[in-house]
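In the two complexes below, chain A is the common chain; its partner is chain B in one and chain C in the other.
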Partner chain A sequence: MKPRVGIPRALLYYNYFPLWEVFFKELGAEVVLSGLTNKKILDDGVNCCVDDACLPMKVFHGHIIELKDRVDYLFVPRLISVERNEYICPKFCGLPDMVLNSVKDLPTVIDCTINLRNSSSSLRRAVLDVGRLFTGDYRRIYTAYRKAVLCLESFEGLMEKGATPLEAMKGDYSKAGEYHYSIGLIGHPYNIYDNYMSMRIIDKLRDRGVNVITQDMICSNELDRIARDFSKPMFWSFGKSIMAASRYLIDKRHVKGIIYLVAFGCGLDALVGDLVERRIRKKGIPFCLLTIDEHTGEAGIDTRLEAFIDMLEWGGTAKCW
Partner chain B sequence: MLVTFPHMGNAYIAMKSVLEDLGVEVLVPPPCTKRTLELGTKYSPELACLPLKLNIGNYIEAIERGAEVIVMAGGCGPCRFGYYAEVQREILQDLGYSFKMVVLERPQGNVRDFVKKIAIITGGKTVFRVLASIKRATRVAVLMDELERLCWQIRPREKSGGTVSRLMREFHSQALNTRGSVGLAALIGEYKDRISRVETKGNKEVLGIGIVGEIYTVIEPFVNVSIAEKLGDLGAEVDKSITVSYWVINHLIKEALHLHNKNELQEASYPYLRSFVGGHGQESVANTVLYKRRGYDGVIHLLPFTCMPEIVARSVLPEVSHRYGIPVMTLVLDEMTGEAGYMTRLEAFVDLIRRKKEMKGLYGERILSGD
Partner chain C sequence: MEKEFYLGIDVGSVSTNLVLLNSQRELVYRDYLRTMGQPIRVVQEGLKALKGRMGEINIAGAGTTGSGRKLAGIMIGADVVKNEITTHAVAALDTNPAVSTILEIGGQDSKIIILRDGIVSDFAMNTVCAAGTGSFLDRQAERLQIPIEEFGDLALKSKNEVRVAGRCAVFAESDMIHKQQLGHRIEDIVYGLCQALVRNYLNNLGKGKAIKPTVLFQGGVAANRGIREAFRRELGMEIEVPPHYDVMGSIGVALIAKETAKRMGRTGFRGLDISKCQFGVRPIECKGCANMCEIIEIVKDGTGIACWGDRCGKWSNRIGK
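On to the complex of A and B.
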């Protein structure tokens, strides 16, 4: 029987799943995903995770609980850094430890360390270490990894055409089409694209005829170029792309407004959000900060979204109101 | 040109020492008070951690008194502290204050930039003089921490309660009027002498409590509601895993020279937290283990609300506590912290570990309570 590798549908799933999926499949494993985030997953996560962790961390713990009895391996990589001189976030550095110490009766946890902060050698080692669990054939591991990287690249290409990660995984970017005007939606990918946490914010905006641009839909080279002008290099990868995206959206894409989706308890969002907001407000662009937590009511979010869109649409004809 | 810096417990003594030795006019911000905190919370991002907010309060109160240059430390992540200065500068600028902010951080390849920054503060003193005064200030920081440690030891044993705390208050008010490393070192020496002569109950058995956690909350008495003093009065000898001199020597000097040996810390935390998580998260876990090995009776873990590295530490500490059989209490501090609630929890914790120690004693030879 094929070994079953469980991947939680949370956190970096929205950035790297195509890579992980192809890699494990090529190695002869069966990839098992946890279900879509729902009330039960959230509640389980809240119950077992430390209270002051942020919402996405709690959701991640919920997904682990949902998966753990159906798989032979759980894939919880320790992603310290994915780019030179940058980190993801302290909680990602300790993610496997948090999971191992908070959830009982786990299957084998694959917790390879990826730290590209100073050198890229840890990636190679991580790929080999994980690969060796399934096969002794190094060539097969490398081929699997190369295929996986290609797959990730085409996935990222689709996102830059305007697809959300979920659409891009299906190879579909048809929804990124004709709309009246654009607004920017920034925030951590795992908050924006999780339809339960974000309460389908993207669909809701599109239903109102608004084109949504997230930071993943902007060419990453462009973002890197903007990030070079920061007064101090931003050492969080997500913080960097959020801040660069906000500047890009203001200067280049002429969006009508920007929404920043923040998870309660997120340390990065607290600081990055403040910097972004100050800059956007100085430029006179409408800005909406939506904070989500484990008891956010959907009606409240809907009201604020509607009010924000109304404000944008009436803005041009405001004189007669 | 009046130079100021944010408060962090007794760190102002070392800062005063280094800057005054270089002939810089120093304005020590008034000690953190309710007003400092109110100013800070009013103007800072809501979910930012407490130290950032108090820094803002310190800056505003110092600028109101005429400070023109703010000296602040920087960092390169993943803890939020590294980006503090950027956010704080924006906040103060938007409030319309005029000031200059100099951020000192480990030079990443660009040493010239670093030297230039120091020249802004010192007005072009030679590198040699700067290094010499840093060395003297480090010595002052070490002496200061020795004085504090002495207080932690004497306080639970003193005959008439409150003497040590009164002497320390006296010390701090005199330190503000003392200039330079020589004066400060002499003052510290004088008070060390006076405190060591405080009458004690010679052979009183005391509890040992280790304090671990995020550096600012461990060191700044305003934030931790003077935890060392309170525990001392409750009859516990405290030890803090992080002090100003430890931070200066290990994080600023040794780290820059790649001499910081973390083997012991890594070994102690390894089974529970196997990676660096920024800030002092890994140290918190390691020191809990080390306190147990050194025979302490309990550990208190302090963190500001939403502190990212310490949240990771917090999530593994219950396991450490369970495995090693050492009681650990976590206290999350924010602007809402009420002193009474805090005191109740400390008393309960002390009672609990005292009882635990007594129970052990019953089968041995000594019963602790009742003096």
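On to the complex of A and C.
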């Protein structure tokens, strides 16, 4: 029987799943994904995770609980850095430890360390270490990894055409519908694309005839180029792309407004949010900060979204209401 | 020619307000009712009272706003269901086209709306906390055994400034008690509380916003002369309180309903006699998936007229809109 590798549909799933999936499949494993975030996953996560973690971390724990009894391995990599001289949120460094500490009766946890801050050697080591769990054939491991990287690149290519990660994973994205105008939506991918946490914010905007542009839909070379012009290097990878995306949206895409979706208690969002907001406001572009937490009532988000859209449309024609 | 009227209903957390405008946009009827947690009953009673006072009239357009807007909108067959920010802005502009800033403090929420050249350019609403709102003043008035109507006038008698901590209602309360035990005069403490509320409001909502005259102060709390005075001193500019400051949301939505009904050429309003109908709600816990959505079905005379609360649309799409 094929070994089953469980991947939680949370956190960096939205950035790297196509890579992970192909890699494990090529090594002969079966990839098992947790379901879409739902009330039970949220409740389970909130109950078992440490109290002061942010919402997406709690949701990740809920996905672990949903998966753990159906798989032989759980893939919870320890990501410290994914770009040279940059970090991702410190909670990711401790994620496998948090999971091992808070969730009982776990299958084998694959917690390889990825740290590209100084060199890419840790990535090679991680690929080999994980691969050896499934095969002794090094060539097969490298081939699997190369295929996985190609798959990730085509996934990222689809997103740069305007697909959300979920659409890009289906692989058959064609630019949908006619939109009246564009809005920028920035924030951590695991907040904006999880339909339960974000309360379907992208669908709600699209239903109103708004084209939504997220930071993942912008060419990454472009973002890197903008980031080089920052007065100080931004050492958080997500913070960098959020800040660069906001500048790109202001200068190049002529968006009508920008929405920043933040999770309550996120340290990075608190800092980057303020930097981004100042810049956007200086350019006179409408800005809206939406905070999400454990609330399941959608009225709060809906009122703010509705009012923001009214405001944008009101500015266009004399009396849109 | 038969006279035409336009109905606006604002179903808020604390109060439910009904207004009737004539075709010259003048207010001909207004009613301020306590919601008391029963939005359906209070809307029906409001309509019954309206019919009692005005008799059989031709309502050519109707709209709802406030946190209960969706429910009330379904009940009365509203032509338009609008968020509070847009309706407050529309009403303020109709009262004084020169308005640049709207300060609005209601029972459970507060907002600031920035307008430039008759267009909303920015807004902010309080987050989950209701510290600087009417309910907090209500509660303090009760604790000091001062009728809320006299609270503001008492504050104006203050001769000495007493500083009350304003970050949080619980902090403010203990600070007020300490000041009172030290022997400070009650009017000084009450004015200190008004200043604390204003400080809290401006720090939270006004952060980074350019507050320019003309400033309109609306919402139930605008009745409080102590708060008005504290705003005037803190901002260093005159604060204008419109004559119908406490029902501005309903006026705004009635104005929008007038435009909408004119554009549509008809109204969906079900008539004043809906106060005689039997309205009820059927709560359903959907067992379809792990979300276990809490569905609410609105029932009129035994038949379901609307459903909401589901995330997938299984229930809400069942009944035609």
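Everything that follows uses one rule, which is that the second predicted complex is superposed on the first by the 313 of 321 C-alpha atoms of A that agree within 3 Å, B and C clash if a C-alpha of one lies under 4 Å from a C-alpha of the other, contacts with A are read in each partner's own complex, and residues count from 1 in each chain.
The rule is simple: a contact is a pair of C-beta atoms (placed from the backbone, for glycine too) under 8 Å apart; a residue touches a chain by one contact, two chains touch by 3 or more.
Please read these numbers as outputs of a predicted model, since none were measured by experiment.
> Will chain C clash with chain B on chain A after the two structures are superposed, or do they fit?
Fit - chain B and chain C, as placed by superposing on chain A, sit side by side.
> One more residue to check, A:Pro286. First (chain B), second (chain C), both or neither?
In the superposition, A:Pro286 touches chain C alone.
> First (chain B), second (chain C), both or neither: which does A:Asn85 touch?
first
> Check the residue A:Ala307 against both partner chains and state whether it touches chain B (first), chain C (second), both, or neither.
A:Ala307: touches chain C, not chain B.
> Just to be sure I read the superposition right, which of the two partners does A:Ile41 touch: chain B = first, chain C = second, or both, or neither?
In the superposition, A:Ile41 touches chain C alone.
> For A:Cys219, using the defined touch cut-off, is the partner it touches chain B, chain C, both, or neither? Pick first, second, both or neither.
neither
> Quick one: the Cα-centre angle at chain A between chain B and chain C, nearest 10 degrees, please.
80
> Looking at chain A, does chain B or chain C touch a larger number of its residues?
Of chain B and chain C, the partner in contact with more residues of chain A is B.
> With both complexes overlaid on chain A, does A:Leu150 touch chain B (first), chain C (second), both or neither?
Neither partner.
> Nearest approach of chain B to chain C by C-alpha atoms in the superposition, in Å, rounded to an integer.
When the complexes share the chain A frame, the smallest chain B-chain C C-alpha distance is 6 Å.
> Would you please give the residues of chain A that touch chain B in one complex and also touch chain C in the other complex?
Looking at chain A, the two contact sets intersect at 278.
> Okay, in this complex, where on chain B does chain A touch?
Those in contact with chain A are residues 44-49, 52, 74, 76-80, 82-83, 85-87, 90-91, 94, 103, 108, 272-279, 281, 305-309, 311-316, 318-319, 332.
> If you look only at chain C, which of its residues touch chain A in the complex?
Interface residues on the chain C side: 67, 80, 82-86, 90, 119-123, 125, 127-128, 208, 256, 259, 289-293, 311.
> Within the complex, which stretch of chain A touches chain B?
Touch residues, chain A against chain B: 49-50, 52-53, 78, 80, 85-91, 93-94, 96-98, 101-102, 113, 231-232, 234-236, 264-271, 273-275, 278.
> Chain C touches which residues of chain A in the complex?
35, 38-41, 196, 200, 277-278, 281, 286-287, 291, 293, 295, 299-300, 302-304, 306-307, 310-311, 314-315, 319, 321
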